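Two complexes follow with chain A in common, the first pairing it with chain B and the second with chain C.
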Partner chain A sequence: MNMARNKTILYALILAFTFISPFAFPDFGTQLATLWLMIIVALTWDMTGGQMGYNSLGNIFFYGTGMYVAALISIGMVYDVGDYTNAAGGGIYKFTDLQYFGGLALGVLGAGLFCSITAVVIGYLTFGLRGPYFAIGTLGVAIAAGELVSNWDWVGGGQGIALPVYPGDLDTGKIFFYFLFAAVGVGTFLFAKWLYGTRFGAAINAIRDDEEKADAMGIHTLRYKLYTWAMAAFFVGMAGGISAFQLIHFEPLESAYQTINLGIFMVVCVLLGGKGTLWGPVIGAILFHLFKEVTWNYLLGWQWVALGALIVVTVVYFQDGVMGWLVHKRPEWFGIKVEKKVAEQAK
Partner chain B sequence: MTSIIEVQGVSKSFGGVVANHDVSMTVNSGTITGLIGPNGSGKTTLFNSIVGYHPIDGGSIQFEGEEISRLSVQQIARRGLLRTFQQTRIYGAMNGVENMLISLPHRKMNIWDALKTYTREDYERADHLLEFVGLYEKRLLKSGDLSFGQQKLLEFAMALMNEPTCLLLDEPTAGINPTLINGLIDRLKRANTEFGITLFVIEHNMRVIMNMAETIYCLAHGELLAQGTPDEIQNDQRVIDAYLGAH
Partner chain C sequence: MDQILGNIGLLFEFPVVNLKIILDGIMVGALFALAAYGLALVWGVMNVKNLAQGDFVIAGGYVSWWLVQNGFPALLGVPVAFVVMWGIGWVVYKLVISRVIERDLFTSLLATFGLAIMMAQILNLLFGSDTQSVDLDYDVLYFFDGFIDVPIAKLIGVLMASALAAGVIIFMKSSRMGQAIRATAQDARAARVMGIDTEKVYAFTFSLNSAICGAAGAIIVMVWVIQPFYGISYSIRAFVIVTAAGLGNLPGVIAAGLGIGALEQYGAHIFGIGYQQAIAVLLLLLVLLVRLIQQRRNRQVLK
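Presenting the complex of A and B:
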């Protein structure tokens, strides 16, 4: 019982910190929003990578696609997209508050849904691949998508898309986007927490541990893999949609389909925190984000070297991450023990 | 008595190696049927053919009157025909209870059922079956850390959790402590009588199979050598020759 109460207190503290932090640390508003973005992409990467054993390097595809879909929906509701992206600073396109927030809401939601559908289609084509082949296959999808989009003039080509600016003042805008990310982040966490407790969650664990056995037990493996990726893509797509509005301007290769940045960061976050655990991706995202910001500020010029070193050390010496290390050191915290039958003890 | 598995004239070769040649046999519903034969006689190949691991070269395999020789492993498993593996396969990173819960029959669930959390009945059933195979006390340990024999028992319990109509067991007593074998025979028999599961068992331990099976088939060199009751098989000179290598 004490354990349950401690947990409630912990969750309450985290939630309180979530609400207070942007006001307590106004200078770090954007940083905190980015932290939530990291948590979202790490949690969703772990749905397939950690819980189902399919290490995708292409989840960034859903982030980039989410950006574009959200932008196109919100623009398309008011103006002709071709004219808008073709304006190159010449035309003046105004959005009323209703158009801005309406477009944002529908765009972000639409981005999530669209990414879910594309996850099913891409998954159908790539889930026949296993291990490193799946990783490379999905990476290929993300890279190809970035190149295709950057050659597609209707969506702005290599220049990308400039979205309208948040209609209020700048600081309110920062807090607004922080809470959007935080809402999706908390939603993703609660969704994952619930999902891993269901029969479905156990079935995807079975796929990770022995897919052939799962087949032989009659689990609908392909169907479950597609559903899982679609769920992950939904949240990444929404996060991408929010990013599009937060960044105001984005272009295909560096900000949308940024395979070598966020596309890799999400994997490192999960490895650092502990694959296949609920809290691992969250802890990993926090540690990684701290590490990244500190090195980017105090080791400028060497920041990529430091990051590379972190990846190498994690992969070579710390594969199980923080949570895996804890399970190994303190198995009793996680309920791993011999349990005598109650009836026998009573005798 | 109705047949549940009907194998007719099944042949399977791997390159030049003929693993099964023109094998026919019948497993009757609700019975325990044994399959014996020297090492390399094609027993496991026949099991793999029945559950769809590889296509057969010729012949027909029917399950409950339906041709299944062209179906995939999953499709066959979803019809309630399950197998356990000679090399035991359990989910090593999970504990016993989790292994059991994963084995709930997903074929009987739609996606909304699958998205439910486990019910009290699920847990009770898992505990009951773990107790049935004698693993209740170790149910919260990582199952990869269990002994080989215990893993075999766990795999058997998982198969029962899946509520199959017919279960193919590939050497259920291999690697199990001799003192546990009697208990296992008893449990296999009870699975057959209490849960009404038809069993088709590959076994090398003659004492085990002679005690359990009503009908026994014997393979040698990929062909059917003999069939009959345990008494008939035990006294069949061809079977004795095949096992003692008197060719």
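Presenting the complex of A and C:
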């Protein structure tokens, strides 16, 4: 019972911190919002990567697609998209408050839904691939999408899309986007927490452990894989949609389908925190974001080298992550009882 | 759309254009095939999927470029890049690869991806992000009233690539180390039992792969351009080729390399040069899908 009370206190503290932090650290508003974005993508990557054993390198596809879908919906409701994105047109486009927030709400939701549907379609084609082939195949989807979109003039081509600026002053805008990300992040976390406790969670764990046996036990594996990826895509798509409005201007290769940035960050976050655990991605995202911000500030120029080194070191030497390490060192925290004899032998 | 149709029409109107595209494709493809062969070697022998393959290529290119900047003859770049990249490959093997061989496949994929990011960025810091190339002062041969231009530099590049490939094949077939490598690829445990130092074989194989890539890069810098971040596209092409050809199938790798080179040139001609990268990736997806459908025939259930 003590454990349960501790947990409640912990959750309450985290939630309180979530609410207070943008006001307490107003200088870091954007960074905190990005932290939530990292938590969302890490949690959703873990749904397929950690819990289901399908390591996708292409989840960034849903982020980029979410951005574009959200932007196109919100623009398309008011103006003609082709005219809007035509840089040479020189038209001036204004959005009223209602148009802005309505477009944002519908755009973000639409982005989530659209990404879910795409996940089912792409998953149908790629889920026959196993292991590294799946990783490379999904990476291919993400890269191809970025290249194709950057050649598609109707959506702005290589120059991307500029969205309207948040109506209101800048600081309120920052806090507004922080809370949007936080809401989706908390939603994702609660959803994942609930999901892993259900029969569905057990089924996808079975797929991870042995897909053939799971198949033989009567689990319709393809269907489970598709649903899981669609759920993950829903949250990533929404996060992408919010990002589009937060960034105001985005272009296809560097900010939307940023395969080697966010696309690989999410995997590193999960590995750093601990694959296949609920808290691992969250802890990993926080650690990674700290590392990234520190290196970006103090090692300018060498930040990418440091990042690559972090990936290599994490993958090669520290693959169980923080949670795996904790489970090994402090099994009693996780309710795992180690028999004395084994424990002594371990010493 | 009209432009695409027009481009296709051009192919039928002037059949000689086809010849030019295919020639270009073969020249590109020969170099892709080299990088892909290295990948197949490492993949087959130690079951490591090296996503840093393309960055080894680019690094080799920069070695050669640096030599030329410092007044050395360009053709010297190929052997020097071979040796330098051999050393770098050995260091990389000892630091990273040796620790991921026994692990699951995703580990090696991700570790080499991290490596790729590091290498691209180090090259960027050392040499800047501009595209670079080495200019060889050779003539250009013209055929068919100037419809087809074949720079002698490219011919030399293809010849060197072929010589390198032939050298590697002979080495693998007849040398003692080549035999040991093939034995390890077949069954590492059995090879160990027979007294082969597999650790040494692994280190040698990875260094050899890196050296082949380096030499390929040194050729590429003479005939095209390199840039620190071009690595990933060579990695992807190597993956396309190996996935299409299968492991340990050298004629297949060469054929697939040449074929993909030609297909890519056709794609670039029909859809425009902006789509070249996308075409390489889409080919990968296509190959994976075809493979998947082929495999599906073997998956059966009792009804």
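In this text, the second predicted complex is superposed on the first by the 334 of 347 C-alpha atoms of A that agree within 3 Å, B and C clash if a C-alpha of one lies under 4 Å from a C-alpha of the other, contacts with A are read in each partner's own complex, and residues count from 1 in each chain.
Note that contacts are C-beta pairs under 8 Å (C-beta built on N, C-alpha and C of every residue); 3 or more make two chains touch, one makes a residue touch a chain.
Since the structure is predicted, the reported quantities are computational estimates derived from the model, not experimental observations.
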Report for A:Thr221: first if it touches chain B alone, second if chain C alone, otherwise both or neither.
-> first
By residue count, is chain A touched more by chain B or by chain C?
-> C
Classify the contacts of A:Val121 with the two partner chains as first (chain B alone), second (chain C alone), both, or neither.
-> neither
Partner chain in contact with A:Val315 - chain B first, chain C second, else both or neither | second
Would you check which partner chain A:Leu13 touches, where first means chain B only, second means chain C only, and both and neither mean what they say?
-> neither
Check the residue A:Arg199 against both partner chains and state whether it touches chain B (first), chain C (second), both, or neither.
-> first
Mind working out whether A:Trp302 is in touch with chain B, chain C, both or neither, as first, second, both or neither?
-> second
Pick one for A:Ile248: touches chain B only (first), chain C only (second), both, or neither.
-> neither
For the complex, which residues does chain A have touching chain C?
-> 55, 57, 125-126, 128-129, 131-133, 135-137, 140-141, 143-144, 147-148, 150-151, 260, 264, 267, 271, 301-302, 304-305, 307-312, 315-317, 319
Using the touch rule from the top, collect the residues of chain A that touch chain B in their complex.
-> 195, 197-200, 202-203, 205-206, 209-210, 212-221, 224, 227, 335-341
Interface with chain A, chain C side, in the complex: residues 49, 96, 99-100, 103-107, 109-111, 113-122, 124-125, 232, 236, 239, 243, 272, 274-275, 277-278, 281-282, 284-285, 288-289, 292, 295-296
Per the touch rule above, chain B residues touching chain A in the complex are 51, 72-74, 77-78, 82-83, 85, 89-95, 98, 101-107, 109, 111, 113-118, 136-142, 158, 162
